[in-house]
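Both complexes shown next keep chain A, but they swap its partner, so chain B is in the first and chain C is in the second.
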Partner chain A sequence: MSHDVTITPLETQALFDLRGPATVLRDWAGDSLPAFPQRPNTGSSNGRATLMFLGPDHWILRADLAREDAFEAALRPVAAPPEISIVRISDTLAFFRIIGPEAGEILSIACPLDLHPRCFGHDAASFTAAFGIKALVIRCEGGFELAVDRSYLPMMTECLTAAAG
Partner chain B sequence: MLLITCPFCGPRNESEFVYGGPVKPPRPDPATRDDAEWTEWLTHVPNPVGPVEEQWWHARGCGTWLTIWRDTRSHDIVGAPHDGG
Partner chain C sequence: MAGKRLAKGGRIDHDRPLRFTFNGRAYSGLAGDTLASALLANGLRLTARSFKYHRPRGIVGAGVEEPSALVELTGADAAGNLQATTVPLTDGLEARSVNCWPSPAFDLGAVAQLAGRFIPAGFYYKTFKWPNWQLYAPAIRRAAGLAAAPRTPPAEGRYEARYGHCDLLIAGAGPAGLMAAQVAARAGLRVMIVDEGTEPGGALLSRRLQIAGAPALQWVEEAVAELAALPDVIHLQQATVWACREHNYLMATERAPERPGLMERSWRIRAGHVITATGAMERAIPFGNNDRPGVMLASAVQSYVNRYAVLPGRRAVIFANNNSAYAVAADLLAAGGQVVAIIDSRADVPEAARALVPQLTVRAGHVVISAHGARALRGVRIAPLAGGPEETLACDLLAVSGGWNPAVHLWSQSRSTLRYDEALAAFLPDRPAQAFSAAGAAAGAFALEDALRSGAEVAARIANVAVPEIPDAQDLPYAIAPHWRVEAARGKAFLDLQNDVTVDDVHLALREGYSDVELVKRYTTAGMGIDQGKTGNVNVIGTVALARGLEPGAVGTTTFRAPWTPVSFGAIAGMRDGQLALPWRHTPVTQWNLDRGAVMYEAGARWRRPGYFPRPGETMQEAVDRECRAVRFGVGVYDGSPLGKFELKGRCVGRFLDFLYSNIMSSLTPGNGRYGLMLSDDGLIMDDGVCFRLDAGRWMISTSTGHAEAIHSHMEEQLQMRCPGWNVLITPVTSQWTNATICGPQARAVMEALGTDIDLSPEAFPFMSLRDGHVAGLPARVVRVSFTGELSFEVNVAPRHMRELWDRVMEAGADFGILPVGSEASHVLRVEKGFLSLGHEVDGTVDAHDLGMGWVMSRKKDDYLGKRAVAIRRAGSHGGAGRRELVGVLPEPDCPIPEGAPLTPGGRREATEGFVTACVWSVVQERWVGLALLENGHARQGETAYVRLKGGAVIPVRVSAPCHYDPDGQRLRS
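Right after this comes the complex of A and B.
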């Protein structure tokens, strides 16, 4: 049985891994970051980037690759104070966009998350497991985005294709 | 399959977690214990019939380490004994 979905690999995204107290990160980054999301496993956007709250004192900033240099300059990872850590990780994750009426069906095959909008709302983003490996799942317009360590790109492509039928 | 409540993420499937073993008593000072006591602490793994306190790591999630009480007779997650569980 085939599912009514479109699965698209995305180009490399600009990603920065941010760790440490939000107050210190906010002071350091100034107004270059979107507002810090308050609820765990949600993201906030400001039009230029999305900031996702993915663990205690752990955020990932995501933007188009064209903005990577600008964020690197604004965030100054090498000069960051010792209480925080800022690491560019754009090369580490491969993204897929899974959209369509049955996108939820594919995600339900892939991962154990409760995807009901009450649990995983319009601004939700969370690490979970997809086909047994660690994955970042983000709700987007019309479906979901899924990111895995780049070395799993061929495996994830095969698994998603098989799930979609 | 267990549904484990992560303090950051809320209830999540067991497959997102890695088992971290039972919670052991605090590490004694080896300088003040005899060999038998020290060996007992090093090698004795709590394995009761009934509630046991365990560590789990939300490895495929937010990365938090947490503890739960699990009843080895039913595999159910239960309250801590002092909570009346």
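Right after this comes the complex of A and C.
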């Protein structure tokens, strides 16, 4: 790679799509969720999971796949009140971790979002596009994580490899 | 030899010779040269032929303003129609002239000059109009001779496209741009400075000026160094900002990025504010034969002398109407050149200008009326402006300065306005339409200190800081008396050298009624092409103004369009080449398909799916027949994962689905589903799919593969615009559920062999129902739907389990002869059943009644999307008469019919009455069967219609019901 960067596909993550008012979600989920982020396009973690605020009344809960069943049990999607929706979507997104001094360069090739630290801080997470495909970008230690619909995984692998030179 | 390399000076490396070839001959230049400066140093004057008349042309400018010296690069650097003035010389460069054959010195196309007077502007469009222009255009374009695009991509290297963001983008790293960048970057702004030159400095690179008592280029070096050390400053050199779009979205291309292996890199930049510090371009003064090789812009002469250490001629005459040419004369003299005289159209020449070259003869109130020489300048004819005796001056170089045009292209692309400034005789930036400012010569601040101050003030205003102290910078004040054209000119007087547009062409356009400058442009082609009017546009405006008795400001400018300079397609495409040109999607069994030799292609929404699975020696038709027989008589399995899937939750979902679909969904009970159509506002079919109720408050719907994204947007739009406040929450789950659809009479047996905790009996698990459970030990959601007309079990699992499920299905199905089924067989099976397909029968013009699906249009619901439109259309004066309706067609004789083949009355050459949407070989009917949309088709079943093929062949078809197989649906409900 001509860019000083390391690109790693991640294992499947446990993901839950949460929709509805934060207050109702918080009441329903109790202590099982991290604190709800106050600012859109940011995330908060409690050591077990990360909760990302990605749109109006829209959050995604992310954790290791090993915690998937535990979260399913805690969140009780089928029994949830009608004001909220909790759907397991773990298999929908494929994640890549892009770290290194030039991780930002790779993201600048992929993604139209302004990823300068002033605009996209340490807790930032946002849906955007990567190589023309809908993508979730998350800032992480030393770089970024990028998630796309799993069906694009082979193509995204080629794109990132090509971008890295 | 006219040109001469100076022994020292310039910004070139006299110790690093470079070899290159031009039109097959070997030459040498120096590191730091452009191709143009190297050609001049080698004494070459004739470098190309003109586009239309094939007149001899030489080098006119020294940068992007060059209109004539276009070249084609061959070999490893192959590229067409580059300006020789912007091609950095490299060792081994191979270049050749354009618009000529076999060479610029002996060009067969030069015969066009003999007929030149008969081919004025508009000649081609007036003459070659019967039967149509397209017939002649290729030959005319070939005759013009511009270089073609390279036939093959570069053997090495790659392109890249990326995004950029900044608080302030500065286009131009001349004195104003660098000063602005310093002020803004010191204030903490994120600054991008983009300059198209090979090194920063702008006009300072070509002039001998001082800033703060030191050479101006020392100030440039210090400014660049300071910027490089500041955080959040991006400096792109050899990069051009070539387009501006809405909301300060700009395009720039780096022509020589530093990263190894990267040929060019384009940037899509979103800037908070933009400063155009793009400088100014000198314009010529049109006179007779002003295109002879040796006639150059005065600023270009200055650049070759000072920057490239080249004397472009031995005996120079200078023709000007403003002060700037006097500095050129001084620099020529300082370099050892000979200046015969300065011809100044102004009667009164400012003393400050004369003082620069007191030893020179200044012929005030005189003009050059014509140039002499064929392939190179030999002299000029001059005369008093007010009339009087003419005189010939022998020279091999004429340096012309008709004044300066601020480079307002980028400013204008932002839709910001221009105003005409009489004192400067130029169009200047006026009111910005976006967050744009102009600085330096681009804003009319032509003198150096004014340019520095302008840059500082603009940047300070943007950054909200105080204006810093401006260093001293002595420069000759600018003064001009515009002279748009020489009235007494003899010979063709060119306004636009690149497009061969003369003063006479503009006058002809005006005589023919094309009085608006935009029409003049279109009639004459002035300002088009690569040039975009850089040197000629304002002279065209001036010529129109003179002819119409207007001020140039009243004539106005034409629209400046992107790109400012040519941009390679590769740079725009970036990485989007070959395999990455378009997105593509895979399912977990894609590799399994590829391993078994499946022929893959796109099947909507960028999914790559298997078309069919040919065995060795098998044709496509044989493979498809085999797969179809498996489904009809045994069992097959296909990967149905790409179908769009959404989970809906909330109190109002039933109501919302009743609004979206034409039939009732709210009455569904948990575990059951229904097929439905979604209509557009105009009552036409938008999509079809199935809807299942999971429990009291949760629903699952499927959409067609290709429309999944569009239907998601459609639902969200309806919720936000027409159903605000409805408690409906939508989660896309297309990629959460992949499926293997087992179909055929043996499907239930295969399911049982797989092992499942779901009761598969028809009574416990009927058609159009859904069950959650386990299949092959995997958590699964099984749905009884059928897109083939056979008993089907759609086994949905999470993608992480899909490959295992697929393997287990193939194992369990082996005893039953299970085959994988591709999209070609699926197409055949659905045509046999008369099932609709989006893109075939649903072509954006049909409603449910047209397809014989009136049953899906609920009469019980008060309203739903599209209901009123259908009702109004059907209640009109024609009712449903004359509409194209879905029918089956049976070719007689039995033969295939191409999809899309038109149906015409009696097979005659008349307006069509429909078309064949699909035609397949049916393994159950053992004949070709098809579907068609036919006018009043429902009432014509049993009749004969006629397909008329291209060429006139006619195929009679018997019109039938659309369903060719199992019309009662017993098999799919079994």
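The rule is simple: the second predicted complex is superposed on the first by the 164 of 165 C-alpha atoms of A that agree within 3 Å, B and C clash if a C-alpha of one lies under 4 Å from a C-alpha of the other, contacts with A are read in each partner's own complex, and residues count from 1 in each chain.
As a working rule, a residue touches a chain if its C-beta (ideal position, glycine included) is under 8 Å from a C-beta of that chain, and two chains touch if they have at least 3 such contacts.
Predicted model, so just to flag it, every value in this text is computed and none were measured.
After overlaying the two complexes on the shared chain, residue contacts for A:I109 are found with chain C alone; chain B is out of touch. Within the superposed three-chain model, A:P82 lies in touch with chain C and out of touch with chain B [touch as defined at top]. With both complexes placed on chain A, chain A has more residues touched by C than by the other of chain B and chain C.
Once chain A of one complex is fitted onto chain A of the other, the partner contacts of A:G132 extend to both chain B and chain C.
Residue contacts after overlaying the shared chain place A:A162 against chain C, while chain B stays out of touching range.
By the document's definition of touching, of the two partners only chain C reaches A:R19; chain B does not.
Of the two partner chains placed by superposition, only chain B is touched by A:G55; chain C is not. In the superposed pair of complexes, A:N41 makes contact with chain B only, with no contact to chain C. Of the two partner chains, chain C is the only one that A:S90 touches; chain B does not reach it. Annotation: chain A residues 112-114, 119, 132-133 touch chain B in one complex and chain C in the other. Against chain B, in their complex, chain A makes its touches with residues 40-41, 54-56, 58, 112-114, 119, 126-129, 132-135. Those residues of chain C that touch chain A in the complex are listed here as 158, 160-165, 190, 232, 259-262, 268, 270, 574-575, 579-580, 583-587, 590, 607, 642, 647, 649-651, 695, 697-698, 727, 729-736, 798-800. Per the touch definition, chain B reaches chain A in the complex via residues 8-13, 15-16, 59-64.
Those residues of chain A lying in contact with chain C across their complex are 2, 12, 17, 19-20, 78, 80, 82-85, 87-93, 105, 108-109, 111-114, 116, 118-119, 131-133, 149-155, 158-159, 162-163, 165.
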